[in-house]
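Both complexes shown next keep chain A, but they swap its partner, so chain B is in the first and chain C is in the second.
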Partner chain A sequence: MTADLYGASPLAARADALARHSAPEGVQGVRIAEVPFTAQVALRVDPRGGAAERIGTALGAALPGRPGQVARTDRVLVLGLGPDEWLVVGSEGTAPELQDTLTAALDGAHGAVVDVSAHRTIVRVSGPKARDLLNTGCALDLHPRVFGADQCAQTLLARAAVILLCRETDPADFWVFVRASYARYLADWLIDATEFDG
Partner chain B sequence: MMLIPCPWCGPRNEVEFHYGGQADVACPRDPDAVSDAEWARFLFFRANPMGAFTERWMHRAGCRRWFTVRRDTVTHEIRPVGAEQERAVTV
Partner chain C sequence: MSGSFRLAEGGRIDRDRPVAFRFEGRDYQGCAGDTLASALLANGVHQVGTGIRHGRPRGIASAGAEEPSALVQIVKPFPEPMLTATTVELRDGLEAHGLPGQGRLAADPDPARYDAMHAHCDVLVVGAGPAGLSAALAAARAGARVVVADADTEFGGGLLGSGELLDHAPAADWVRRVTAELARGPDVRLLPRTTVFGHYDGNYLVALEDRGPDALTRQRTWHIRAREAVLATGAHERPLVFADNDRPGTMPAGAARTYLHRYGVVAGRRAVVFTTDDGAYPAALDLWGAGAEIAAVVDARPEAPPFWARRCAEARIPVLPGHAVVGTSGEEHVTAAHIAAFDPDSGTIGAADPQACDLLLVSGGWNPAVHLYSQAGGPVAFDGAAGAFLPAGSVPGVHPAGAASGLRTTAQCLSSGAVAGVQAASRLGLEAAAAPRPETDAHPVPKGRPLWRVPDPDTEAPGARQFVDLARDATVADIGRAVGAGLTSVEHIKRFTTVGTGHDQGKTSGTLSTGIIAELLGTDPSEVGTTTFRAPYTPVAFAALAGRERGDLYDPVRVTAMHDWHVGHGAPFENVGQWKRPWYYPRRGEDMEAAVLRECRAVRTGVGMQDVSTLGKIDVQGPDAAAFLDLVYTNMMSTLKVGRIRYGLMCTADGMVFDDGTVMRTGENRYLLTTTSGNAAHVLEHLEDWLQTEWTHLRVHLTSVTEQWATIALAGPRSREVLARVAAGIDLDNAEFPFMSWRNGAVAGRRARVCRISFSGELAFEVNVPWWHGRHVWEALYEAGGPFGITPYGTETMHVLRAEKGFPIVGQDTDGTVTPQDLGMGWAVSRKKADFIGRRSFSRPDTARTDRKQLVGLIPAAGEGVLPEGTQLVETRVLPEPPVPMLGHVTSSYRSAVLGTPFALALVRGGRDRIGQTVYGHVGDRLVPVEITDPVFYDKEGARRDG
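Showing the complex of A and B:
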C-alpha cells in the first residue's frame, strides 16, 4: 500500500491566522496572505556575454543590469539579486518550462539554471499600512521615492533573510520571499506586528 | 552602528555584513618554499593602524559579494574603494 502524495505550502497551516489578522478595509488596512507554489528559477550568467542577451530575448525582457532592479513580462518577473545573479519568478507549474527556456538560451555558456521553487515561499503584504508593518522589522527605507514599483532588495526582516519586492506603491503591495523553513516564524512575527501596530 | 556602502546594493546596515579583515594579504606563491616564520607571518600577522585601513567585507544578507572599503578605524568614516573598480573585478 502506498501513501497518497500531497503537497502543502509552507504557510498552509497559518492561512487562517493570517486571514484573521488581515484588515483590508480602510486606511489602517493591511492584508497578509501567502502566494504559494510559484515557479522560481535561479539564474547565474555573465551579464556582459552573449548568453545574457540570448536569455533576455528568450524571456522577452532584458535581464536587469543592476541588483535591485526588476524586469516584468506577461509571464515572468526577473529579480536582479547580484551582479551576475537573477531570480526568475513565474506562475505555478511553469518551472520546468522556464528551466528549459533558460537552459536552451544559455546554450552551454558558463552559467547555471536551477529550479529553486521549493526554496522560498512568498508572503504578500499589501494595503496602506503594509509599509509601516514591514518597517517595524526592516531597516530599509521603503518610501516609494526610494523603493518604488518593480524594485527588489535582499535584506533582513525581523532578522530573517528575505527578498523584498515592491509590486505597486499605491496602495502598497509587497512580496516577501522567505525561505520555507523561516516562513512560519516570519508569519508569526507579522501577525504579532499587526497587533503591536494596533 | 555603521552604514556600509555595498557596491551593488547601496548603503546598508552593518548587521547585514560579515567582516573579512585586512585586504590585499597575498598568499605566498609557493607555500612549500617559505619558512615557518614567513608562513606564520602570512597567516597571523595583520596591520592594526589607527586611521585609514583597507579591509574586506561581505554582504551576507544581501548580494553575498565580497568587496573592499577603506575605513578610518578612529572615526569609522568609510570610503568605498570604488564601485566601478569593484564591478570590474567581481563580474
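Showing the complex of A and C:
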C-alpha cells in the first residue's frame, strides 16, 4: 500500500548500485542508502515572536535558536537552516498532520509552512569512513568535536547543494538532504567516491 | 660500470632491493629509496637533457624540488611530461628520457584516478625537517589537531642528507622517534609525499599528495584549512654564476652531500669546491671522508673560515681563499674548473689555471623558501649578511620556522620549530611547552658573503655563457640587455629575459637575478626586490586539479521523475542549464524534422503531452505577498483572484526583460510562481535580493518548491477528453474550469493541482503532482490518451508551437537588451502601478525610441528553407560596400506543419513599421528574401485555447 501510494523515490533506480558499493554491516567502511519518503515541511517564522514559541510547544521542542542546530523529539527533527528558517522532518506520511500542527500554532501570525517532502530526498552515509568519504567533496570540518550529533549545515557536496545532518558521531551517521533532480548525480558521485583509499 | 659511484654502505636506500629502470634507451639498476637522479648519479650519468634555447648539455643541479635543469619525460609506467629527475621516485620498470627544456603531453588518455580531500586542523606544519618536526611535536603534545605535510617520501628534511648526529646518534633515529610519536596522536595526520603548493587567505592551503601508481588514486589534492600554519619549508642552496657554469657535473655542495648521506652516492671522484659560504666545507669534508679526492676548496672570500680551514688542513684538502672559478671545460660532463685569483672588492681576476675534476660543487649561500609565507601576505626583506630575502614582519596565524626563516644550524632550526609550535598552540588557547632540544654537533654558525657573479674572462661576449636561470637558458648577458634597454623593475626584467618563468619558478635563479640586476643598476638588492611568489610552488597537473570532476561527473545532471521513461522511448536530450530535457521522440526511421512535424501536428489536431517539471517553482507567502509581486512583475498581480492564474513578466531595474512565467494565486496571502527552467535559481536570488535589501518592511517568505512538483503538460483539442478519463473528480468544463485558472483534485488517484495554461495556443492543462508520483501519473495519462493517439513531445515541438503563436522565449528571443515593449508585450506593463522593478527605465528616451529592435515574424520567400538562427538581416537585395547596415537578426526559426512553410521570429530595427516589407537574410553567400510579418502566425483570435 505504502509503496503504491508513494510511487518511486528519486533513488529507487540506484538502490542496487548503492548497496553494491556499500561495505557490509560491521565492516570498516561506509554504507550509502536512500532514506525515501520522509515528511519534510519548510517553516519560516519570526524566532522572537509568540508564534515561534507556540510552534515549539506544539512540536514538543523549542525551535533551535541558531542555524546549524537541530532539535529532536520522538516524532520530528527540526533543522535550523537560517535565522528564521527551519526544516521539520517527520516519518513517512506525516506531512499533512505536521503542516496542520504548524499552521494551527502559527494561528494567523506571519509565517510560511510549505510541504517540501518530495522536493528533497535523503541519502544516508554511515560507517567509520563516512567522514573521509564526505570530505572528498565537502569542505566543512566534520570532526566530531566540531560537527557533532544533531548539527546540520547547508553546504555543497561535490557540486550539489545539500543539507548535511550529523545523526551520530560514533560510528558516523550522516543524512544528506538533496534536491530530487540532483539525487542521481549525487548518488553516482558517491558511488564513484567509494573507490578511494582514505 | 653499473652502480660504480655507489658506496658499499650508508644512505637510506635498500641495497637488497635492486630496482631496474631504463633511461635514454639504456638499462640501469638503482635501489629502492633512490630518486631517478640519485640512481643516475650512482651509475655515473650526469647529463640528463639539453638547454631549452642553446641546446647545451644539462645535468643534475640539485637534490630536490628546486631543480632547474634535470627535466625528464616519463614513458612508463604512465606517460608524464616534464618532471624533475630529482623528485621522481625510482620504481621497477620506470622508463624515462631527458628533455630539451620542455616536454610534451602524451597522446593517450590518462587512465589514472585523481581525487580531492578537504581537511581541517588547528596547526598545519609544512615541512618535516628539524624545525617542522619540533613544531609538530610541541603542538601535538599540547593537544592540537595537527597535520604535517612534507614533499619527500619520508620525514626528516635536511637531516636525512647531512649525516649529522642528534643526541649522539644518527639524526634519523630522532626523526623516527618523533614521527612515531606523532603517528600515535589521535588527531594527527601525517602526509608524506605531499607538497603544499599554495597558501591563500585565512590559512587555506592547498597541497598535492603523490600516492603512487599502486594507490586507487594516483594523486590527491588536499584542501587544508588551518587555524595556525607553521612554515618550515627549508631553504635552497644558491648556485654561483661564472662562465660555463651549466656543465653537467656542476651542482650545489649541499646537493652532493645529500646524495652522499641519503643515497650512498659519491657524485664524482675528483671534486673542485667553489664557495662563498661556510656551508660548502662540511660537504667537501664528507665527500673526502667517503673517498673522493677534493682538488681544492676555492673560496671567493679573502679569508677562509678558520674552523673549517683547520679541518681541511687535517684532511690535506687545499683551500684557496681569494680565488674563484671563472670558467670550466668539458662538454657532456665537466672535466676541469678554471681557477683564478679573485678580489671580490675590486672585481679583478687573475690568470686562470685549469684544475681537472669530474665534479664541481658550488655554494653561494642559501635562499629560504619563503614562497608560502609570501603568498600568505607575509613581507620579505633583503638581508645583506645572508644575501637572501627573509621573512619580515608578521602574519597572524602564520609562523615561519627553521631554515625558511633564515636560520642555518640544526640547533637553531630545532629551537625555532619548537617555539613556532608552542606559539601556534598558545594562540589557540592550548597549554604548550617545548620538549628538550636534542643535542647537536658543535659547529660554528655558518657565514657567507654574497657573490652574484664572477667576472667573465671572455671579453668578446661577456656574460653570454654565465647562466643565471638554467631552466630558461637566461644569462648575465640577457639581463644586461634588459637593463641596457632601460628596464629597471625586476618584474619587467623577468618578462624581458624570462628569468624565473620556467617550471621551477626561479627557485635557484630568483635572488641571483635580483643581485645581478642591482649590480648592473648600481643599487642595492633591497631596492630591486623580488618578483611575486605565485602558486603553485611546484608544477601541478590539470588532471589533479580536476580530480573526479570529469566525464559524467564533470557537472551535475538534473533529471525529472519521468527521465527513465523518456530514455526508454528513445528521446535524445537537450541541455537546459543542468537539466536534461527530452528534445523529441523519434519513431523508427524518423529524423528530427519528421518527428517534430508529427509531434506538432498531433498537438494541433489531437493531443500531446510534455514533461515540464523543470520549470522553476517558488511559493510566496505573507500578508504583503500581493504588494511584493506587484513590485517584481511589470503587470498587476494583486488583483488576481484566488483560483486564477496570470502570465507575468519580470524586468531588471534597467527595464529589460529578465524572466517570465505564470503566477497562480493559491490563497489570500499565497501565490505560486513559475520561472523558466534555466533561470529558476537566478529568479529566486533576484527576489530575495530585493526583499532582503530594499523592501525589508514587506512581510513575505519565499520557498523554492521546484522539485516538490512533477508537472505534465497535456495539450491539444482532445486533451480534455484524455484528462477526464483519469480525473473524474474535477469538473473540466470551460465554464467551471476556465482558461487561466487552477483546481485541486485527484489525477490517476494521486492528489494533484491542475492548471489551465497553454504555451501552444491549444486547449491545454498542466497537471502537478508530488515529484515521486510523476512517473505514475505520466504513464496513466499516456495510457488514457492511447485511444486519442496521445503523442509525447519534446522541447523542439514546444518551441515550434509557441513560436507559431509568437510567444517569445526569454534568453532565446531576448538577450538582456529587449524591453517588454520591444516584444510587443506593452499590454503586460502596468500603467496603473506606482512602481515596479524597471518602471523608471521605461521613461528613458532610449527605451522610447521608435527604431528599437522589435520582435516580428518572418516568412522566407517561397522555396526557401529554414533560416539559420542568428541570420543577419539587411535592407537591400545586393550587399552594399561595408560597413553594411544591419537591421537585426533571426532569433528563432523552424518549419511549421500547420503553416506549411518555414517561419521565424526576429528582432528587427523598427520592425513593427516594416510589417509587409521584404528584407534579406544573409545565408552563406546568398541573400534570401524574407517577408516581415506579425509575430503571431496562428490563431490570432485565440479561438483554440478553449477547445
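What we mean here is this: the second predicted complex is superposed on the first by the 186 of 198 C-alpha atoms of A that agree within 3 Å, B and C clash if a C-alpha of one lies under 4 Å from a C-alpha of the other, contacts with A are read in each partner's own complex, and residues count from 1 in each chain.
Note that a contact is a pair of C-beta atoms (placed from the backbone, for glycine too) under 8 Å apart; a residue touches a chain by one contact, two chains touch by 3 or more.
All values derive from a computational prediction rather than experimental measurement.
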item	value
Dominant toucher of chain A (residue count), chain B or chain C	C
Contacts of A:A13 with chain B and chain C, given as first, second, both or neither	second
Which superposed partner A:R44 touches (first chain B, second chain C, both, neither)	second
Which superposed partner A:P67 touches (first chain B, second chain C, both, neither)	first
Which superposed partner A:A139 touches (first chain B, second chain C, both, neither)	both
First, second, both or neither for A:L156, with chain B first and chain C second	first
Which superposed partner A:L81 touches (first chain B, second chain C, both, neither)	first
Those residues of chain A which chain B touches in one complex and chain C touches in the other	139-140
Chain A contact footprint on chain B (complex, rising order)	8-10, 12-13, 15-16, 61-65, 87, 90-91
Of chain A, residues touching chain B in the complex	46-48, 66-68, 81-85, 139-140, 153-156, 161
Complex contacts: residues of chain C adjacent to chain A	113, 115-120, 145, 187, 211, 215-217, 223, 225, 548-549, 552-553, 555-561, 564, 579, 614, 619, 621-623, 699, 701, 703-709, 750, 770-776
Chain C-facing residues of chain A, complex	6-10, 13, 36-37, 42, 44, 110-112, 114-120, 132, 135-141, 143, 146, 158-160, 179-182, 184-186, 188-189, 192-193, 195-198
